[in-house]
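Please go over the structures that come below.
Two complexes come next, and they have one chain in common, chain A, joined by chain B in the first and chain C in the second.
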Partner chain A sequence: MDMKRDYYEDVRLFSSPAVVFWFVVLLGALYLFPLFAENYYVYVANYIAINIIVATGLNLLVGYTGQISLGHAGFFAIGAYGTIILMAKAGLPFLLALPGAALIAAGFGFFLGLPSLRLEGPYLAIATLGFGLTITQVIGRVQLFGGREGLHAPDITIGSWIIDTDKEFYILLITLTIFLLLFMRNLIRTRVGRAFIAIRDADIAASTMGVNILYYKTLAFAVSAFYAGIGGGLYAFVLKFIEPEIFTLMMSIMFLAMVVVGGLGSMMGSIAGATLLCWLDLKLRNILSIPYIGDWLEHLSKNWFSITGVSNIQFIVFGTIMILIMLFEPLGLFGVWIRTKKYWRTWPF
Partner chain B sequence: MKKSLMLLVVSLAFVLSLAPNLFAEVGVTDTEIHIGQWGPQTGPAAAWGSVARGTGAYFQWINDNGGIHGRKIVYHMFDDGYNPAKTVAGVKELQEGTGIFAWASGVGTSPGMAVKDYLAQNNVPWVGPAAGSLNWVNPPQRNLFAVYPLYDGEAKALVRYAIEKMGKKKVAVAYLNDEYGKNGLRGAQEELKAHGLKTVAEVSFEAADSDLNPHVMKLKQSDADMVLLWTTVTHAAKVVGISKAMKFEPQFMSTSTCSDFPLMMSITKGAWEGVICATFGELPDSDYPAIVKYKKEVFDKYAAKEERWGLFYYAGILFVEPMIEALKNVGPDLTREKFITEMEKIKGFKGLGAEVNFKPFDKNDMYSRQGASQTFLVQCLAEGKAKKLTEWMDIK
Partner chain C sequence: MTDLIQMIVSGIATGSSYALMGLAMVIIYKTSEVPNFAQGEMALISSFFAMMLLTSFNLNVYLAFSLAFLFAAVLGCFLEFAVLRRAKEPNVLGMIVITIGIEMVILGFVSWKFGAEQKTMPFPIDPYDSLFIGDIFLKKLDILTLVSALVLMVVLFVFFRFSKLGLAMKATQQNSVAARIVGVRTNRILMVTWGISSLVGAVAGLLISPTIMHPYMMWDPMLKGFAAAVMGGMTSLPGAVVAAYMLGIIENLFGGYISIEFKTVVAFVIIVAVLCFKPSGLFARHYVKKV
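Take a look at the complex of A and B:
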């Protein structure tokens, strides 16, 4: 049943008509979601979708190309500021400003990619970390960027469509997300994608086979930064107000955690990782409302940790979940998905 | 015929089932008023978390003393970790899920800015954001009442005192490069201009700066006889310490942010003595009746044992006092419209802080929604004691 006869079958976007069918069902469900969901859940979906875009881009860099970045909040910030400034100061429409800002982020990604030719592992991590921290400092000092007082996001208009509710924004956002995911899927199955994977597995071997390391490493950084830039540009409109302090080191770390918890080198993993971590980040405080356990946790926290009560417990639970996933499923959530699929394929035997 | 009759009955039943909801206000029942607040309990701003805890203790005290017209306050406080995306999520979840009548306080400019439009669109009242920012009232919004004083007023009061009472002429300003710092700088510049003077130096600080010797050097070279510190608490403490080591001893003045004298004295190892600060609330150890009452009845009874009776904690009470006042004045029949009308009627209200005044909404008058504009000056004495230099002054 799962026999492949040639290479193109292996890399096809849709492996069978059944997959096409389910893909269409999924698309339909995604677009109908705001009709049935409460506004709050649409907001959460927007927040998750933006993180999915960034995680997908970061996974290209970390999971497929084997590089690392602790500075993605910097690209995210460039995307956010770039979009608002291109709209408010240069008068560009949203649909031009967003990719424009993402291209600026990609340009920075290209330059940050250059040291990756010589730096590896922890050294590259520190270089990118420095970038992420520097960007917010620079933005804070430049008056054009609003300094530390921040910037307000203008309204988004596309033609005569004014987007001012979460639900309208969701439609725009989900369209962009699907488009970007398909693009990434396509990129990975082409020659470019195979070059990335070859570099990850053994860069010297790849270069002897004729893969241009300089080109592909910087390209991976640029594409990854582009995705983060798009994510940032959209995030500015979710918050409607941005200032440098929003784009912290913690944000970069969360992006990386999404990719690792989800599963390195897998698009499904990026989606699952971003969804899970965002959901936990927003919802874990509700453990308080579980009968008995909530009271007990609050008591524990207040007596042993600090007066702020359950907030600390929330982080401890958050960290524990991440550790458990990595401990029992090193492939991340994607590993769980593969195992489930295998189990059902041979079920009930 | 039968079908349409059926339809009529069903739709009538549906409408009737909705009817009680149509007339009741969101977040208000016969026995409860739901009030929300966000406050960082974790993350970079966790030190300000005591604001929300102070409000919580205050509400508990109100409930235990009979509530408001038979209704208890149900207080929904959540931790946003000073991350605006989480503030928006929490506010929407509570607003659309539980239903919140009004929002109280809430720490931080960016968390507040992220939900400002949302609350305005839904006309949800919001009283006393815990951050001094012009953004709350410029332009004013019908649903948003600011109690936190604007910093430029404090700066004016300090500069005026230095010039008129102390005969200082050469004023230098050390300010943090953000809205807070620039508001202070602007206030100082305007007051100096009114006296026909100019600053002798303006030195900007970044929050992340750690070596402050060059900054202090610049201040020293300007030969200022008064230095206004509009920086973070840490920077202000360092500047005073370094200046002393450099034998540069002008009169230092600073904002309400740095007016927690016991704290300032302990981190400067005594160098803060003599510094003059503006303040927006009565002092924690003063014998002002309201302070004594709240400390005894609210703090001693409801606060966790590690909590400190400091400015942030009782600011959590100070910011919401006008809200409680208006809720009491509305009477038993509580709606948002009536609440906003009562808020607008608040005149000369005196709680823990400056006198609070609101006016009927006027989109061209920011003082229709900026309630507090008073401040008074205090000087730090040995052992962190405070000497009141002036009475409450109204400065706009």
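Take a look at the complex of A and C:
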């Protein structure tokens, strides 16, 4: 059933009519969602969609090209600040400012990609980490970027459509997300994507086969930074207000965690990982209001920890998830899904 | 002139705590090739453990510190045994993710238990107690940090070069299969390595704790120590120490003469610049990768 008979079957966008059908159903459900959902859930969906964009971009870099980045909060910040400044100071419309800012982020990604030609492993980790921290510091100190006080996001207008509610923003966001995901899917299944995968598996071998390492590694960084920039630009309008303290090292770590928990080198994985971690993040902030678990935790906290309640429990949960995923299922949620599918397909055996 | 000397001296003092963290990371990377992002938090929990012993149990300072060091060593061994050893397909990214996971768990527990606000550590030396040599003032705590960094470096260097255990560690790093064949218990060696490294990190944590003591106190020293270790070549003990002092001094001079605001980021700019020209760091031999 799953057998691929020729090359074109392998690179098809949809592997069967059933997939096309379910894809259309999913699209319909996504667009009808704000009609039925409360405002808070639309906000949650916006938050998740933005993280899906960034996680997909980071997965291209980490999962498909095999480079490490601990600095994606930097690109995210460039996207957020760039979009607001291009709109407020340069007077560009939103639909130009967002890709403009993302292109600036991609430019930075290109420059960060240059040292990656010679660096790998911990060396690359520290270089990207330093980049992320530097961006946050610079933004916090320069007056154009509002300094420590931060910036307020202006209203978005597209033609005569003024977007001022979460639900309207959701429609715009989900359209962009679907477009970007389809673009990424197409990028990966074509020649460029195969070059990325070849570099991940063996870069020297890839270069002897004629893959231009300089071009493709920097391209991977640039595309990944572009996605992070788009995510950042959109995030600014979800928060309505941005300040340098948002874009911390912890944010870069969270992006990496989403990719790893979801599954390296799989787009479904990025989507699942981003959804799971964002949802957990929002849930765990008020864990004490969850029945049973909340009471038990409060009791535990009063007896053994502090009486002021559980403040940073999401760190513990995320850390544990990251460790367990790496120990037991290095392919992440996607690996769990594959195994479950195989189990049921071959069932009594 | 006095300003310049004063800045260099303070830079050396800052560099010492970076050097200790850098040493701790190099020890682990040397034997197991794991870039340990949890190093800072392992030191963090050890210093909070010492503080708890001192304030809640009113123990003697020396006893409390010895227990904290013991705790650190056991914690390191435990983490290697319980987490790192269980990793299925160890690659660099996997190891980075696991250690970041450990870091987040410890950070979560420490900030849950002790709260996020600044604490005071009942340390035997007052952190602002200083002496003057000519016009230059030196904090006593900084002198202690400097001396401990140098002593530990010499001890570790001698240990790695001459002791049986140190040689076994070297053998494990260079070729773990061959090491096992000649009778080195590589698993146990790795465990001991983590213990030693955690101990060195705890020294750094305890020496930092009189001035700053909150759950995020180790982030900056850990990142700078890691940066120094990378700059020194990740496998070279003297390299990490030299790089740490360089970073400390350059950072302080930059803060003094050019811009105090960008003081913390200058280290990373230097790192990227150095790595562009010497991709394996300043003091490591560059191994050519085979296909």
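Please note the rule applied: the second predicted complex is superposed on the first by the 326 of 349 C-alpha atoms of A that agree within 3 Å, B and C clash if a C-alpha of one lies under 4 Å from a C-alpha of the other, contacts with A are read in each partner's own complex, and residues count from 1 in each chain.
Just so it is clear, a residue touches a chain if its C-beta (ideal position, glycine included) is under 8 Å from a C-beta of that chain, and two chains touch if they have at least 3 such contacts.
Quick caveat: nothing in here was measured; it's all calculated off a predicted structure.
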Contacts of A:K240 with chain B and chain C, given as first, second, both or neither: first
First (chain B), second (chain C), both or neither touched by A:F33: neither
Partner chain in contact with A:E149 - chain B first, chain C second, else both or neither: first
Touched partner set for A:A257, first chain B, second chain C, both or neither: second
Touching partner for A:F110 - first (chain B), second (chain C), both, neither: neither
Chain B versus chain C as contact partner of A:Y123, first or second or both or neither: second
Chain B versus chain C as contact partner of A:F315, first or second or both or neither: both
First, second, both or neither for A:Q137, with chain B first and chain C second: both
Superposition-derived comparison: chain B or chain C, residues of chain A touched: C
Interface residues of chain A shared between complexes with chain B and chain C: 137, 141, 306, 308, 311-312, 314-315
Contacting residues of chain C [partner chain A, same complex]: 29, 35, 83, 86-89, 92-94, 96-98, 100-109, 111-116, 215, 219, 223, 226-227, 230, 234, 261-262, 264-265, 267-269, 271-272, 275-276, 279-281, 289, 291
List of chain B residues in touch with chain A within their complex: 41-44, 46, 49, 53, 78-79, 81, 83-86, 88-90, 92-93, 95-97, 109-110, 113-114, 116-117, 176-179, 182, 206-208, 304, 306-307
Sites on chain A touched by chain B in the complex: 38-40, 43-44, 47, 137, 140-141, 147-150, 152, 235, 238-243, 245-246, 248, 250, 281-282, 285, 302, 306-309, 311-312, 314-315
Chain C partner contacts - residues on chain A that touch it in the complex: 62, 68, 114-115, 118-123, 125-127, 129-131, 133-134, 137-138, 141, 202, 204-205, 208, 249, 253, 256-257, 260, 264, 301, 305-306, 308, 310-323, 326-328, 330
